[in-house]
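Take this structure first; my questions come after.
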């Protein structure tokens, strides 16, 4: 059975030693979402706001957060990311509710995976949408947030069977 | 109808001017959660790991993220927080699944609210639990994450009616 | 004659003591610019790129840099900014050259001024435009960058007589 | 014709994927400047301030900013720099005006260039001089700031023909 | 008997609530030191290195670290410092050993003290001297580091009786 | 005789060029300590505080500081660390005084050493213990802090002969 790897012999947290792991190409894809009222949906997608849209700000925030993941998540290794891409799609979930789907895709060539970078980017993207829209409605719901897939590394690939 | 406040006259994002708002006591409470397998549940709550437990690391990460919210969320104001508290509770959601509930409570005395600080702290707390446990299982699900209540400020208090 | 204030009795740099200065409303406005080829001008202002335009990214970078000024400029005081606004205008300077004018406006209520925050925001805004366009042309020129005006504080207001 | 590379299929900003680019030795050299009154010139170059001079502080700021470029410029890749050097020279531009020339030279071995690191270091160096001298005169002018040359990478070298 | 204040009802760490504490003027003074060989002592104090001395870099590092203390020490409150000053003195401790004494003095007007800022600044100052000199000798010893005095706040002043 | 390497031809600080140094496996081990009263010793080691102990927080702070060393120490190279481990031991030094020994062990594969990362991690660990306990007693003493050993790199290994 798999064991926690973040603890040292004293039972305390450590940053896992990955010195012996080879540098390989790695990718991770995470999803998050934020569910908003139809009023907010219309404001975000309104073509009159064409220059300063909410999603442009959220996307920049997500890219910057991906790069800062090692500063935010204590036991994460600092990894020089080689690519970050954020994409969006909308779904109508009830008559007056829309859900913004957020996909964060990360690439690196390193000796540990980038799952946390993808999850952090997707989370910060949703949080930023919340921030930009909270003057209109504070009832928005973020998530669920989860890993969709990862590739690379000796432990093999991961692909989520069913998605939320 | 409430309008977006984060856009300037050119339709671009700005950091809203709060210079004229008085400094008042403000609080915010946000919830997040992470759903894990019973195997991970047992490892986290195992009393033999009493010195370096996963939740201690997640809690430190959450407190530090609350303080860095203005660095992570682009249009957030920098606010000198006066108190941050993170608390946990467990719920069994299926025979082999447990859900860790995370409550992030923030206080300040300032001219803008701390909703984003509470939501960011709760999110980073869940992300850190994911990071500490992902060697065992990458299928954990984070969230939903939402604001439970806020107090203080001229726009009045907010309290979520039903909770997820 | 005015003296340098950033040096202590040993002749070394210090962060000036502003404890005794009252908290007053303060503003600063700085300008920068970046001169680009007509090809880049057309790409930036092209209406087909309506969702992810260069200036939206540059503006987010500028707002975030304003908040981090105290981290970037060694002897700057950390100041809780209360408002940041970035605006743009274009000028044709030669037949094949256009100049993007950048205005960074900062507000706070504090015991020291926000000139550095305005200058840093304007500079980072121009640097980000360079970064987003450098695959097309590396010959772009940034600046000049200068303070246009400041208000508030015991030393009186400043207003630039002639501008570049 | 060269195209913008920072946009994804949705027309939004992304951090360009450089995973396939080989790690090669790369250098970049950028120039900035700050024009000051003769009063400030004399104070900076005054030999009595031998221990805590303005330029020493500006240089430290520049080196630290070079390392933080990926945090400041949203779509920049994090790059482990292998060398940073800042040098200065003075020019008398009018009877009562002097110009401090700033050269920022960066080295790395990586899969993307360090132009932004050089431009950011030079800009922050000039901003720091402004900060240290602004108690004497707020009319100083920063820049122009531009790339002088870069070497390494598949797109070939760049060398500026005429300089400002 | 005084109790730990950093723990919540679950026995976990929290950032102490200081919302009710009044904003008062506060100061703290901490000392550290680094003991170096006479060779390093001569190199540092050598008047030929008048422009780029080791202590100038260490001092800038100390001022910047004071401002970042809340980022480095998990349960520290973010405090807008109003003044930071670092000073140095040398003592010959053995025939071939010299000790550089470092005093870090911090001021603020806030609702919690600045002891940690003073201790962090003094520590980082010593660490930076080590870094600048380690090519010559890695045997340098840092510390002891301790609080000398603090003033302000409801718990009264602290003044160290005997010093190390 | 070894020379300072952090200065350029103008006698100013620079970040040393390590471009030509090969990437090799490197380790460093540093020690620090904090001397506390028996009251604090008992509170820290008290088994009733089993979930939120002081040392867990200090250890997280140390790991995070190791990763941020290049941000804190001006001329340090950014290095992607591959492993960080912190361990503790207690010693009774007088009838009413106990000393917490802190060992910080760092690994990387890079072109420069990790001595500063180890020293910074050990120092921040001790500072965090101070912060968590200072409500009880402000007289705690940190250090001495020193390098115990390093391996890897062309200049050979270092091992401290006698320890403090």
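We just call them A, B, C, D, E and F in the order they show up, numbering each chain from 1.
What we mean here is this: contacts are C-beta pairs under 8 Å (C-beta built on N, C-alpha and C of every residue); 3 or more make two chains touch, one makes a residue touch a chain.
Nothing here was measured: the structure is a model prediction, and the numbers come from that model.
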Distance in touch steps, counted as few as possible, from chain B out to chain D: 2
Farthest chain (mean CA position) relative to chain E: A
Selected pair, greater C-beta contact count between E-F and D-E: E-F
Of all other chains, the one whose Cα centre sits farthest from chain B: D
Between chain C and chain A, distance of the C-alpha-averaged centres to the nearest whole Å: 31
Centroid distance [mean C-alpha coordinates] between chain F and chain C, Å: 37
Contacts with 2+ other chains: residues of chain A: 8, 10, 12-13, 50-52, 55-57, 59-61, 64, 68, 71, 74-75, 80
All pairs of touching chains, each written as two labels joined by a dash: A-B, A-C, A-D, A-F, B-C, B-E, B-F, C-D, C-E, D-E, D-F, E-F
Complex contact set, residues of chain B against chain C: 8-10, 12-19, 70-71, 74-75, 77-80, 110-111
Contacting residues of chain D [partner chain E, same complex]: 50-53, 55-57, 59-61, 64
Chain F-touching residues of chain E, taken from the complex the two chains share: 1-8, 10-13, 32, 39, 43, 48-52, 54, 56-57, 60-61, 64-65, 68, 71-76, 115-116, 119-120, 123-124, 126-128, 130-147, 150, 158, 160, 164
Residue numbers on chain A that touch chain D, as the complex places them: 25, 55-56, 59-60, 63-64, 66-68, 80-88, 107-109
